[in-house]
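Each of the two complexes below includes chain A, the first together with chain B, the second together with chain C.
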Partner chain A sequence: MELIIATLTNLLILSSMYILVALGFAFLFSMLGILNLAHGVIYMLGGYIGLTLITALGLNQWLALLLTTLIVATFGIFLEKYCFRPFVGDFNRIVMICVVITVVLQTGVNIIAGTQILSLPPFAEGIFKIGPASVSYERIVTFAIGAVLLLAVTWFVNRTKWGQQMQAISQDLEGAYLQGINVHRISALATFIGCGLAAIAGCLMGAYLCLGPFMGDFMLVKVLMLTIIAGVGSIGGIFIAGLILGSLDSVLPLLVSGAASNATAIAILVVLLLIRPQGFFGHEVEL
Partner chain B sequence: MVNVLLEVENITVHYGKSIAIQDVSLEVAEGSVVSIIGANGAGKSTILRALSGLTPLTSGEIRFAGSRINGKSATEIVTLGIVHIPEGRHLFPYLSVLSNLKLGASLRKDKAGINKDLEEVYKLFPILRGRRNQKAGTLSGGEQQMLAIGRGLMAKPKLLLMDEPSVGLAPIVIEQLGEVIKDINKRGVSVLLVEQNVHLALGVASMGYALQVGRVVLQGDIATIRSSNIVKKAYLGG
Partner chain C sequence: MNRRLSTRGRRELTKPAVYAGLVVIVALLPLFFGSPYIQHMLILTFIYIIAAVSFRTIVISGQFPLAHAAFMGIGAYLAAMASKWLGLSPWITIPLSALVTAGIGMLIGYPFSRLRALYYAMGSLFFGIGVIQIIYAGGSWTGGYSGLTGIPALLPGTISKIPYYYFFLGLALVSIIALYRIEFSRIGTNLKAIAQSHVVASSVGINESGYRILAVGVGCFFVGLAGAGYTHYNMVLSCSSFNFMATLWLVMYVLIGGINSFAGPIIGTIILIIIPEFFRDLKMFSPFVTAAILGIVVYLMPQGLVSLPQMVRSRLTERRNTKKVSHAS
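Presenting the complex of A and B:
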């Protein structure tokens, strides 16, 4: 019983964190074709900034979470304006820029914080009991934050004017320009939101698991797999793909071994690329 | 003398090193329908792309209601009231018909006015009301063209640029399209129509321009265009 509940909560938490990070990546990719390989280090950066604000400045951790989100999201606007926008359409250059950002940030954090494994203090303490079962409040809070954010983003994309404009840009860029949609402003907004979400996920995962300078690489691989399984342009697909990856990562390590979950996910990916290159839920590729 | 709404003066546009249009001048009077005809690759679409700020000019000047607009962004041009309905429609295929129409009003803030115009569009194209929750990509070709026009009207244009609206439509739908263009014009919107379908183009317009390999080879009122040898030979079968 304990094990089942622990696995189930782990599944939900991992899935929601994967989806949180993947959304920002998917926004940029589907709107302007920007393959933001630096999204993993942005997630890592979020965790470390959160930790610094809490330990070095002694801030309340909720305040630190909020501040971290704003700082990293603003950094996202800077990235979009100076690193991505000038090179939209130039795939090679954007990949090179992302590699540079990744190396600089990773090395920077490595030098300043060291390679030791750190972690943020938990966002909630205590244990919640129902009958024989028990769950730590930390897990409940972590999942709750993730779920609320995901609902908020879904609402934003589907129900607000800016969200509709984001979808319009990703479905037909020229059509979007001709409606007078300010494409630059909307893509800056999407980057702001995406980086903010990644930073929140970084802080939450830093408390739930731990922080390391290379945690971003691990997450980037998950995000890439998730986006490929989901297909481009489908938010629902990202949710389902996130649940699939989260399930694999929480269940398989129990049954087989940690390495097996990655191997299985990659096997699914390879099969998928062979039979359905546009992803499970993506739109048909238009030529 | 009617006011000139749009003046295009000697514009030249290059795509890379190759010239797309050269020294093209044209005028659209307020409240009129003007057609540009010409074969594939004559540069018709390029003129419209230059007007809506998608393609930069090499030289020349474009004035709208007296002030210079070349060099302005696509967003600013829509704000001024120039709305471009592109060739191939460029709808948002996975959004609903209603969302597509609302996105046409992206730059407007007057909620009441938007709703009123939405009703107008539904009145003009009743079929869209019935399909408002359907995804735009699932509509038929004719319905998609109606949606593209409706979306353009949602921006409250003063000048509507229409690029090959008849492409891929059945003859009967093209006839309806002609009526729709006249109807839109009656509501006070000036129209610059680019068409390969000469019957449609000459049927609705009062003025016409013929384009060949990036240059204007003929201009004048519709009677002049109709009776000219170039047009007769090339399009109307002698």
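Presenting the complex of A and C:
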């Protein structure tokens, strides 16, 4: 019973965090075809900025979370304007500029914070009990923030004018231009939201697990898997693929030990990709 | 007419002469640089040149393999395990593990040949991560997380790095010549045709999936060779030299030199390994040097470093032309 509840909460938290980070990646990928390999580092940067604000400046945790989101999201606008926009449609140069961003940010964090594993203070303390089961408030809060944000983003994309313009761009870029949509503004907005979500996920995961300069690499791989399995241009697909990945990551270690569970998860994903190369939802892109 | 012929004849003679001169200069380098550290860096450069050039062989068939370092790892670990646990001589394990790597590559290339462009890149990326996880899960056979030690040396009894230097120089030369011959043969032309349009290529009778698998096989053979050579030179293996980031760095070597030219990967590897070494005193800050080189190439040279002479030439003629115009006015 204890194990089931722990696994279930772990599954929900991992899935919601994967989906949070993947949404920002998927926005850029489906709208402009940008394979943002620097997204993992932005997630890592979020965690470290949050840590700095809390420990060095002594800010309230929730204020720090908000400020981190704003800082990283603004940084995202900068990235979109000077690093991504000049190279749209050029896969090779996008990969190179993303490696440049990755190297610069990782080295910077290494120099400033060191390579040791750090951790954010927890966002909530105490244990919540229902009958025999007990869940820590930390997990509940992490999942609640994730779930609320995901609902908000879904609402934004489906119900607001800007969100519908984003969908239009991801369906047909030239058509969107012809309809008078300001593509640059919308792509800047998408990067703003995406980087902000990644930063929030970085802070939450930094409190839930730990912070390290190379945590971004791990997340980047997860995000790439999730986006490819989901297919391009489908938010619902990302949710389902996120749940699949989260359950693979939380349930498989119970059945298979150690690194073999990672290998099994990847084998399952490769088979899924071979069955449906263009993803299970959404449409195919030409790059 | 006569004059044009004679210049072409001279050019046909000068080109091999220039290349032969370059090879002689590289072969004489250990005489000038006696320090084992510099020789070690040069040996690593040779190994990564083989990997980068073989990466490009797969790329010209229109596939972007993000598992290339993982294949290097397969070759390296196969050679290490064959010589450590089976007691085979390194001179047998190196060609053998290169062949087995090529076989694995072709076996994997078969299901993957139905993935195209980005999806192939992603599929191979997942495969590469899977390979690393399998090596981690291998326990004492592969050394797992702590790495594999105690691998027999290729040339036991020599402390000097100079014999290794000439061995890897020879290996790199042979690989480069072989891959050059493949690229500019009928096979290479077919591969480029598939990359341009797989529909047109298959409509004129090119066996698309066959040639793509062949390209992967050739690329994996040479990268397996590089990995196996690296194993018996380094004698210690760690999984992190073959993970996703290692693949990305291989991609950087190719892209910075210029992916559209055969010399690109060679130049890119040399630049990205040698130049940061000059800034070794910066210690923790030295990755910024690499990032700066990459940034300069990304923003200023869309075709990579190979296009630099041409860019300078066109800039110069442009300036000369504008001068002439201003004089005339």
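As a working rule, the second predicted complex is superposed on the first by the 280 of 287 C-alpha atoms of A that agree within 3 Å, B and C clash if a C-alpha of one lies under 4 Å from a C-alpha of the other, contacts with A are read in each partner's own complex, and residues count from 1 in each chain.
Throughout what follows, a contact is a pair of C-beta atoms (placed from the backbone, for glycine too) under 8 Å apart; a residue touches a chain by one contact, two chains touch by 3 or more.
These numbers come from a predicted model, not from an experiment.
Student: Who does A:160 touch here: chain B (first), chain C (second), both, or neither?
Tutor: Neither partner.
Student: Applying the touch criterion given at the start, work out whether A:182 contacts chain B, chain C, both or neither, answering first, second, both or neither.
Tutor: A:182: touches chain B, not chain C.
Student: If we overlay the two complexes on their shared chain A, which of chain B and chain C does A:171 touch? Say first, second, both or neither.
Tutor: first
Student: Check the contacts made with chain A and report whether chain B or chain C touches more of its residues.
Tutor: Touched residues of chain A are more numerous for C.
Student: If we overlay the two complexes on their shared chain A, which of chain B and chain C does A:35 touch? Say first, second, both or neither.
Tutor: In the superposition, A:35 contacts chain C only.
Student: A:224 contacts which: chain B (first), chain C (second), both, neither?
Tutor: A:224 sits against chain C, while chain B stays out of touch.
Student: Should A:103 be classified as contacting the first partner (chain B), the second (chain C), both, or neither?
Tutor: After superposing on A, A:103 lies in contact with chain C but is clear of chain B.
Student: After the superposition on A, what does A:233 contact: first (chain B), second (chain C), both or neither?
Tutor: first
Student: Based on the superposed arrangement, let me know which partner A:90 touches: chain B (first), chain C (second), both, or neither?
Tutor: Touch partner of A:90: chain C, not chain B.
Student: Given the complex with chain A, which residues does chain C contribute to the contact?
Tutor: So the residues of chain C touching chain A come out as 64, 111-112, 114-119, 122-123, 125-127, 129-130, 133-134, 136-137, 144-145, 244-245, 248, 251-252, 255-256, 259, 284-285, 287-288, 290-291, 294-295, 297-299, 302.
Student: Name, in rising order, each residue of chain A that touches chain B in their complex.
Tutor: These residues of chain A touch chain B: 161, 164-165, 167-168, 171-172, 174-182, 233, 283.
Student: Could you list, by residue number, the parts of chain B that touch chain A in their complex?
Tutor: So the residues of chain B in touch with chain A come to 52, 54, 74-75, 77-79, 83-86, 89-95, 99, 102-104, 106-107, 151, 155.
Student: Would you pull the chain A residues touching chain C in the complex into a rising list?
Tutor: 35, 37, 86-87, 90-93, 95-97, 99-100, 103-104, 106-107, 110-111, 217, 221, 224-225, 228, 258-260, 262-263, 266-267, 269-270, 273-274, 277-278, 285-287
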